[in-house]
Amino acid sequence: MIIILKQNAAQESIDRLRSVLDKHDVKINEITGAHKNIMGLVGDTSHIDIESLMAQDCVENVQRVQEPYKNANRKFHPEDTVIDCGNVKIGNGSLQIIAGPCSVESEEQIITTAVAVKEAGATMLRGGAFKPRTSPYSFQGLREKGIELLIKARSITGLPIVTEIMSAADIDLFADIDVIQVGARNMQNFELLKALGRVNKPVLLKRGLANTIEELLMSAEYIMSEGNQQVILCERGIRTFETMTRNTFDVSAIPLIKQKSHLPVCADPSHAGGLTSLIEPLSLAAIVAGADALEIEVHNDPRSALSDGGQQLTPARFAEVMEKIKAAAGFMGRSIV
Amino acid sequence: MIIILKQNAAQESIDRLRSVLDKHDVKINEITGAHKNIMGLVGDTSHIDIESLMAQDCVENVQRVQEPYKNANRKFHPEDTVIDCGNVKIGNGSLQIIAGPCSVESEEQIITTAVAVKEAGATMLRGGAFKPRTSPYSFQGLREKGIELLIKARSITGLPIVTEIMSAADIDLFADIDVIQVGARNMQNFELLKALGRVNKPVLLKRGLANTIEELLMSAEYIMSEGNQQVILCERGIRTFETMTRNTFDVSAIPLIKQKSHLPVCADPSHAGGLTSLIEPLSLAAIVAGADALEIEVHNDPRSALSDGGQQLTPARFAEVMEKIKAAAGFMGRSIV
Amino acid sequence: MIIILKQNAAQESIDRLRSVLDKHDVKINEITGAHKNIMGLVGDTSHIDIESLMAQDCVENVQRVQEPYKNANRKFHPEDTVIDCGNVKIGNGSLQIIAGPCSVESEEQIITTAVAVKEAGATMLRGGAFKPRTSPYSFQGLREKGIELLIKARSITGLPIVTEIMSAADIDLFADIDVIQVGARNMQNFELLKALGRVNKPVLLKRGLANTIEELLMSAEYIMSEGNQQVILCERGIRTFETMTRNTFDVSAIPLIKQKSHLPVCADPSHAGGLTSLIEPLSLAAIVAGADALEIEVHNDPRSALSDGGQQLTPARFAEVMEKIKAAAGFMGRSIV
Amino acid sequence: MIIILKQNAAQESIDRLRSVLDKHDVKINEITGAHKNIMGLVGDTSHIDIESLMAQDCVENVQRVQEPYKNANRKFHPEDTVIDCGNVKIGNGSLQIIAGPCSVESEEQIITTAVAVKEAGATMLRGGAFKPRTSPYSFQGLREKGIELLIKARSITGLPIVTEIMSAADIDLFADIDVIQVGARNMQNFELLKALGRVNKPVLLKRGLANTIEELLMSAEYIMSEGNQQVILCERGIRTFETMTRNTFDVSAIPLIKQKSHLPVCADPSHAGGLTSLIEPLSLAAIVAGADALEIEVHNDPRSALSDGGQQLTPARFAEVMEKIKAAAGFMGRSIV
């Protein structure tokens, strides 16, 4: 950690800063510059709050040198983490394809879709039971009933199931779910993250609309610091000024997360673009950029969907896209099992 | 609602769209253009899901003409809403000043600060008991104990208290709080919003880091559609590419929200800029732009603060800023009572 | 074009709007809604200024239905445009690799680098002679001398050359250049675009840091409307809140531009990420997303580079990346000739 | 300047870095940390290119401690710069109001408007002769003829004139203009900036849509480093995800620029919001935040304007807004002369 002192800082304030730092087990190295002085802190600075240093009168700026995440940091855990998700593994060099509808709407809908995506080569089933919608007047999901239907679809197809949680109060309902998803809007719902940190189950953590890669890793850290190390990170597009797409798919996040962290990375081309025509190119881009999994919205009849109709693929189109996905996985030496 | 059809759309698909629209009580007007055809829907379209229309093969785009919010919409509720917050009112043409520390840290800290901000002219007390922090290793708040201390500070100063909730599971702990705050990171925690919609208590709803003004109004709609009409909206800065400030204070949001909605508007110059030097100019800017309340972080000893030290004012500096705030309120014909 | 009228608009103002529209050769279709009325304009609306309609008292909003670009629009020019760039073609289904240093620094540097990139498989040479730098104290380029050295490098390697223009006043200096590049900061330097529209030479037009895809197409339209149809569009990353990368590479722009326009698309993985470690994954992502060309910064000794040292590849590393690029091109059925 | 070295950097690479640094007149101070080593450079680092350091294998990150601008830096020029603009001064504690149409359209239009804005209290006249428009099919300005008309309007009203330049090739046409404006899209047109640096005339430099405050100051530095110290900086809104306004007015930029620089600051509430209803609140916000001047679009008949009709005020509405502006100026102790 580096502390840049203000020009002409009062000695009294510098002494006060020094006494604050003395409470931490760090050594202070000083550099005297022409205009500004600098302190370099050597030792474990992870528990030092930058803001508390910024509040000292003599401090102009404070910069971290070490990453603020530990459990998620590849430096302290060089080998890739592999996560068991029911009968498939994410992070072991394979490519897992999580497909299914935005929302679970009915038994017929989820089972028809599940059978179709399995047929096309998907290895996991997604479907929303609890739905975060911008408008309170939009369909809010079947909730408990939706989870029951997902479990039924799994019993028929054998596909492990991924579904989103919106409140820690509902955790018990997810006891028989294979992977619990945290949506973009809850990426910094810290109470929910802590609760999921005390569960022994994989968590698929989506990047928030306006969250940096470092903040995503810090949210993973919330889960991991409570004990649960089974976190899969998901790039799903960020909010920018561009309006032609729903979000801007930050494909760079995939290789960067894999450099910084040992956790597996999933990509969601459906939400990133918000356009069915982009699902194929964004899926291929994610694969060659290093993604371990893709999450793709497929609906047996998108024109009748109760949510996200405009970005869900038909089973027929999904089957076509899967052919390209399989080829790209082969090109990258990844198997889809 | 306007539906723009694709060039050369198949008649079969148009017929299907028409049958979908027939389920809603709307009249369809068609415009035949040189290249594209357009349908204008007349009637109540608030329950029509745009995505479900986008999913029709023949549809190129769908645009709303009416705002998607009703309870929060000034068109249906022209007069300003006034909200009772303990013994003060927000939205009645006055200017309320909510001041206090980022976090409640100790009895001495909160009471000293509360007495000081009251002395300087603040009319409400803020203080965080549950703290959303980016890092799990940062101070997380005193939680229940923090709420007790706030109540003690109120009993001494008479200032109504505002404090943040992070989970619907904690609602009972807020029974004796005057205004429940929803932080930026929870603006789209819809389960929390719904729970607060069933409480009879003012909610101070902060705009999310990457949320539009319309989304903020839709989140207010979540609370209001459940019954609770006591919502105060708060502009606290949005995330942009600029790095010199913590966030970019969107001062335009204040007059725009007041045009679109009858709900009162608060501004938070402390989080918007993240710099103590900006609190005075941003406070004045918010007042002349029409804000009904300001929320300002003040700490009896910012250099020892456990969070946000770098943006909290000392009581002495706050007293100076309050003199300018009072003058600006006077200039705008608003009283601080 | 659709005009949404204000609720309770005065008849006098509507009459005035109608008289404004009468000056254009369009037919007005009206839809009377419960709350708002709508006018749909049928005919050629490309010369109607939206702002002039917005200025009418009765108008709430105006929305285009047709794209505002014509020459660049795939609807009016369905087949792909192929552009001759010296002895290579861009847009004919091949993949062209434009490689070379950020800046031309010396004869030895540009020739060594040119020979090395050709050896590795690059098909065109880039190098900056006129350099747009944020600071006036940074190296500004060799200017005329730089262009001479590029021409020398071409005579040795046979690689066509691409270099950036910063002012229309310099156009004559580019007479012997194969492709003139317009940098991101000049994407809306309209005087420069018009001047390039009167030149018979390919233009590589880079997307501005904060410009939408539609604005990029409108800038192409500036060049094309003056006569020059040889425009190559380039995605090079946009500015967002993320700080881990220099810019956010908007990979979706590649397939979207190809849907909307017949012009070829290039991608610049060097500037997009600003990190050498991202050049390989972003190159592969661009290829599978449909790019017709890549522009990659390579320097014979990046550690001594006078600009952009941190994102330029060494020839050795470039040769490795080229192996992957060739494989990805093969996977997509594109040849690198 | 601080250099953070990679963990386990090779000694050979560190030696090379040291030899690079030896070429500059700086002293190196080293801090040896548990995981990383740091070098602090003492001396004049303004000519060291960060990128050239980033290119060294051993370097993880480089951070500036000193601001990269000198001429524009308040540290080296503590007193406010006052700029003579014809018969008015900007930066001397007064508030100057620059008003007039987006575009000069005809003699009648500019003279009628000029007389009206003077009558209402404006102290300078604006009007675009060269117009940067997104579409080549939109009105591009009267060019030379527009400048003549502005000069005529000045001779009648006595108001100094401000108008935009789009190319260095046109500089001679601006010989009799009082203040030359550089638009947002040309903020980093460095060739134009350098040319303006060799002119002895005030330059009103607008912030680019996606440019940071530091980049704005660096663009001022381009002009100043060539000799011309008469630069006025202008906040006119930045591009964000919010769509309700044309841009997001960054009111914080006003006090921040005044802290960092001695140059005067102007605000443009017309372009920032793009809505006539926001001009009054944004003008007041800018004034209380410390602006030295405002630039406001006024048109004698906005409904007939050839550009920006939707954001220009009528003379009658401008006169009302001026009453509020005068009151706010009085409140801040600024005179409008």
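Letters A, B, C and D mark the chains in the order given here, with residues in each chain numbered from 1 onward.
The rule we apply is simple: contacts are C-beta pairs under 8 Å (C-beta built on N, C-alpha and C of every residue); 3 or more make two chains touch, one makes a residue touch a chain.
All values reported here derive from a predicted model rather than from experimental measurement.
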| item | value |
| --- | --- |
| Mutual neighbours - chains that touch chain B and chain C alike | A, D |
| Greatest separation from chain D - chain, by CA centre | A |
| Inter-chain centre distance, chain A versus chain B - centres from mean C-alpha coordinates, in Å | 26 |
| For chain A paired with chain C, centre-to-centre distance based on mean C-alpha positions, whole Å | 31 |
| Two or more partner chains touched - positions in chain D | 210, 239-241, 243 |
| Residue numbers on chain C that touch chain D, as the complex places them | 16, 20, 46-47, 49-57, 68, 130, 132-139, 166-169, 185-186, 188-192, 194, 208-210, 215, 218, 221-222, 225-226, 239, 302-312 |
| Footprint of chain C on chain A - complex, ascending | 210, 212-214, 238, 240-245, 248-256, 259, 272-273, 277-278, 281-282, 284-290, 327-328, 331 |
| Residues of chain C touching chain B in the complex | 2, 4, 7, 29, 31-36, 38, 40, 42-44, 63, 65-66, 75, 239-241, 243 |
